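Here it is: the structure, laid out below.
For reference, chains read A, B, C and D in written order, and residue numbers begin at 1 within each chain.
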Amino acid sequence: MSSSKHSPIFSHSIKVRYAETDQMGIVHHSVYPIYLEEARTELWNSLGYNYSLMEKEGYIVPVLEISIRYMKPAFYEDILSINIMSLRFESKLVFRYDYEIRRGEELLSTAYTKHVFLNREFKPIKPPRKIVDMVRKLVGT
Amino acid sequence: MSSSKHSPIFSHSIKVRYAETDQMGIVHHSVYPIYLEEARTELWNSLGYNYSLMEKEGYIVPVLEISIRYMKPAFYEDILSINIMSLRFESKLVFRYDYEIRRGEELLSTAYTKHVFLNREFKPIKPPRKIVDMVRKLVGT
Amino acid sequence: MSSSKHSPIFSHSIKVRYAETDQMGIVHHSVYPIYLEEARTELWNSLGYNYSLMEKEGYIVPVLEISIRYMKPAFYEDILSINIMSLRFESKLVFRYDYEIRRGEELLSTAYTKHVFLNREFKPIKPPRKIVDMVRKLVGT
Amino acid sequence: MSSSKHSPIFSHSIKVRYAETDQMGIVHHSVYPIYLEEARTELWNSLGYNYSLMEKEGYIVPVLEISIRYMKPAFYEDILSINIMSLRFESKLVFRYDYEIRRGEELLSTAYTKHVFLNREFKPIKPPRKIVDMVRKLVGT
């Protein structure tokens, strides 16, 4: 029942690159934001949209906040699932993704990011209607 | 008076590299963890210690948690102050740094990281006595 | 006929990440070595071998030399083919890969890398027999 | 006498970051292009010019070619000298930098990069007069 809240709304698989390791022998913690970003790109692609297009239309969507918990290390050649667990508007302007990173069933990391739509002058603007609609459709509300 | 709480315990200056920008024309958010880490390295160096030595002595000190708020963007060739605002043990095993990133007086970002000492088998261990002493000395307690 | 020399011995597909772009709006040139390395990893995987295993067996295989020509830029979300065009021993110790990077048919970049097998003390050693055999098999000699 | 050819025209010092190491325990080879780029930035700054300004004036100056030889590894916390040994126009459009990377006196790496001035449409253009003058002044011809 309540397990439904543990199903990702989107899952993207990546394989750890050698260059992403550090001398501790694990994936450097600064690489995780890049994995999360790649998952967001793929989510938009899966919806028939892409971020390049968004930028061409005059929107930029920077990260406002990032928070990552590193529970277990990831290693070179690991296949990781970058799971987007939820996506929602926190306010009219700010939206938030929640993530899990897993190797098989093993939970390595949890994270969230917050974002805002800006125009080319870096001023916050309301998200474009079609994005709001896509998000609603995606999360089924 | 209360401004004393805003004085960093350590400040490290970096200059933004071209490679650290993205096509939005700003420093990519995944670079900030690297800036914070460089400030930690320099803090230890300023105390006559270094992290390389720590690893040789059998300790590794990974990041357990990172949280960053991005308030204003940073740009290529910006000179940024990576300010460590506090360093304290949250528990016997976990310690936490708080940071500010500024361009001149302008606050761009706030952040914190949490860390734990591990042995070579990735098991949590009590931090070495001399580190605890150094931290105490640093924060004046 | 002579076109056979233009067929890659191995091809690996990657998709450009946002973090890999710079403020020029193109993939930063320092990312190409990482793409080449990922293609080498995948080549070994396709042969049922992997580089992690090699390191566990006591070999490290650093890059001795890299040379890259950037003919046309690559962009965010591009799908690129990282083609390994040849792999051969230049001497008993040094081996060389040649590469092409293409977006569809369009040639963006050519490159080569040279490598050597080292033991854990960073001393050059003869490549392990099974690697030599794999390379021979791969290139059909 | 002949040693004059070994004097850099510009030298920039960097300190290796933890994130720049890989699981081999050395600086990952993809980081060297970033060090070279930082030295170029600092060279221009030392001449009272900067690359940001160049981009604002409508020029972009991408890397056409890079070649790096890795002779000895660099390690975390190493202080490295990124020495620009020469800078010259190879043709009306293409100019080339030669580099050495040293730790103290110890030579770790040699490299060169080639560049071209492009306009915003990525078309090659003649370098701006003041740049040509700066280069001439710098190399004393």
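Definition applied: a residue touches a chain if its C-beta (ideal position, glycine included) is under 8 Å from a C-beta of that chain, and two chains touch if they have at least 3 such contacts.
Since the model is a prediction, treat every value here as computed from it, not as a measurement.
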*Quick one: point me to the chain whose Cα centre is farthest from that of chain C.*
B
*Consider the two chain pairs A-B and B-D; indicate the one with the greater count of contacting C-beta pairs.*
A-B
*So what's the Cα centroid distance for chain B and chain D, whole Å?*
29
*Please report how many Å separate the Cα centroid of chain B from that of chain C, as a whole number.*
35
*If you average the CA atoms of chain A and of chain B, how many Å lie between those two points?*
24
*Name the residues of chain C that each touch 2 or more other chains.*
18-19, 23-24, 26, 30, 33-34, 37, 76
*Tell me, which parts of chain C touch chain A in their complex?*
17-19, 33-34, 37-38, 41, 45, 50-52, 75-77
_Of chain D, residues touching chain C in the complex_ = 23-24, 26, 29-31, 33-34, 37, 55, 60, 62-70, 73, 122
*If you look only at chain B, which of its residues touch chain C in the complex?*
18-19, 21-26, 28, 30, 76
